[in-house]
Amino acid sequence: MFALTVRDRMMIAHSLPHPAFGPAQALHGATYVVELTIRRAELGEEGIVIDIGEATTLLKDALADLDYTNLDEHPELAGTLTTTEALAKLVADRVADRLPAGLYAGLDVTLREHPDAWATYTREL
Amino acid sequence: MFALTVRDRMMIAHSLPHPAFGPAQALHGATYVVELTIRRAELGEEGIVIDIGEATTLLKDALADLDYTNLDEHPELAGTLTTTEALAKLVADRVADRLPAGLYAGLDVTLREHPDAWATYTREL
Amino acid sequence: MFALTVRDRMMIAHSLPHPAFGPAQALHGATYVVELTIRRAELGEEGIVIDIGEATTLLKDALADLDYTNLDEHPELAGTLTTTEALAKLVADRVADRLPAGLYAGLDVTLREHPDAWATYTREL
Amino acid sequence: MFALTVRDRMMIAHSLPHPAFGPAQALHGATYVVELTIRRAELGEEGIVIDIGEATTLLKDALADLDYTNLDEHPELAGTLTTTEALAKLVADRVADRLPAGLYAGLDVTLREHPDAWATYTREL
Amino acid sequence: MFALTVRDRMMIAHSLPHPAFGPAQALHGATYVVELTIRRAELGEEGIVIDIGEATTLLKDALADLDYTNLDEHPELAGTLTTTEALAKLVADRVADRLPAGLYAGLDVTLREHPDAWATYTREL
Amino acid sequence: MFALTVRDRMMIAHSLPHPAFGPAQALHGATYVVELTIRRAELGEEGIVIDIGEATTLLKDALADLDYTNLDEHPELAGTLTTTEALAKLVADRVADRLPAGLYAGLDVTLREHPDAWATYTREL
């Protein structure tokens, strides 16, 4: 199995309005360093999983309407707790929707919120 | 599948008294940067794998009697070669014993002993 | 010259309401990884610049009322553009105010806002 | 399952003569930071997956005729697009050929070409 | 004193044809992770050393004709040993030529060639 | 001014027998990631501050009798509190003693004891 990973980031504001989140219930923010891994069983004739430029664009597009925003005001996220895990799934599903069927085995999205904590969502394709 | 990782560290002395270990047979030490990953198939209503604070506490508790000690004198480790692999398993099993049954899919513990070498133990739950 | 550095972080929301800041004029957020370096010409009898625990506490105290907040609503920052540079100076000045006179040569505070950009403020003591 | 990872690097020149690669069709180069992970179900009496020194030597040997060279002129690579993915497989297969049968479960090789892109090849043993 | 740093990279081929360089006399390559630091005594009304986007563009422009090339064939570098130190100076001088006079105190350029070696050139403005 | 940095590590046991050090008074250990920076005003005809291989050897030699040892039993360190700061100075002075006079401007040695704390000693030559 082969895998190709590209990395980008987004800088967002949000709050986590549930008693479980302690001080993170207040409006605060994060730099999420985002890693997108695409898995593929065999390489094509170009010898790659996916073009790095194409993967970078897919990831950037998936982050575009989130970066430099307040997620609390994002229509698509109304009523959603925008935890690191939920955002990882959102980004992964957005990328999955853009990939051609039948070519890739799966993908992972990791969001690093600070040096000592990160979350990953893994799905098949 | 979702995964949440938290990171901590411990600073220990130990020796590895087996001819296989060359200079590491002598008493020396290490900073182990420790990463605990907890996996879970579906998120609960809070949208998280596990609370980051709770995961951090679980990890810190698992390291508490090891950090700032000489592992050669630790009663629980008498007769054990405290390799990076063995310590990764020890930490993972300690955390597993504290997690509720039926909620999590598995966990990984990685111990990084220097920038160019690390070990991971992976287990189901 | 000796220097001791400790590292912490804060997760904040803010906006930068000045035309120079493009998309960062909107409310967004950041994880700032914060490094505090304290410089001292000669070590004391304990052989240290400053106790790591003490330096860590100084830094954590300087960040306490900023972490997990919206800086746009912080009374002390009203009318201030909370750029990375300005926040580095704020943290540095807060730490400097708490250090005893005559012992230390100076300090630096670096705030890393994402993997490809960071700012430092350096001052004498 | 246990895993042990060691890290090394190689500094190579190459070109990727296929229209898909845009500016990378020209002769350029890379520092590849290479991570070799060896997996094993159970530890032996020494409490390790494999000796770190031995794993480091295996990796260094697998890189020896590539490091500080122009891959375009390497006889074994004639006609091969030396993508990061293809090189990861080459290194993994070379290491696999040197490992004793029946002891290890599998291995992964990751090549990091810059801070924002890397590829991994995973195989069983 | 304030400083703002931005980071980019370039992937180049080159050789170092001088007996001092051992195996690096042959054509090989490197990913150089490049950090540009601009220093300024006081902040302007925008509260910044320099706009991050502007600094990023300055750095990218300074690397543009080097990235994805064979430095041995670069007209401007004919007869130059393209050591990490020499390239750091080249990038720094290019950026310095583009900065307005009288505003900045100095700049540093660091080129990281692999995880265990890097060079910096520092100059006043 | 030019600077060249190389990086190595040592894995040591030690204790810090002074009441100021709390739990670190007990025998424990550390991986010290060690960075040696050598500064030089002008490059020689080879276009380098110092050969990377030579700098790497200088650093490795300075660490050789410390790595994989218990510093509490090192004759040269009897009666010394082996703090990170003191060890940084020891390594720096050892390297300085081996460098030719008149060629270099100064050097820095940084010892990183864990991801959130490190110390540097800076001296002229």
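All chains are identified by letter, namely A, B, C, D, E and F, in their written order; residue positions are counted from 1 within each chain.
Quick note on the criterion: a residue touches a chain if its C-beta (ideal position, glycine included) is under 8 Å from a C-beta of that chain, and two chains touch if they have at least 3 such contacts.
Quick caveat: nothing in here was measured; it's all calculated off a predicted structure.
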* Asked: If you list every residue number at the subunit E and subunit F contact, are more than half found on both copies (same) or fewer than half (different)?
  -> different
* To do: Please report how far subunit A has to rotate so that its Cα atoms sit on those of subunit D, a copy of the same sequence, as a value between 0 and 180° in steps of 5.
  => 120
* Asked: Rounded to the nearest whole Å, what is the centre-to-centre distance of subunit C and subunit F, using the mean of the C-alpha atoms as each centre?
  -> 27
* In whole angstrom, what separates the CA-based centres of subunit C and subunit D? -> 40
* Asked: What are the residue numbers in subunit E that touch two or more other chains?
  -> 7, 115
* Residues on subunit D engaged by subunit B in the complex (per definition of touch) -> 1-8, 43, 46-49, 51-53, 56
* **Residues of subunit F touching subunit B in the complex** => 7, 9, 11-14, 23-24, 26-33, 67-70, 113-115
* To do: Going by the contact rule at the top, pick out the subunit C residues touching subunit E in the complex.
  => 18, 20-22, 80-86, 88-89, 115-123
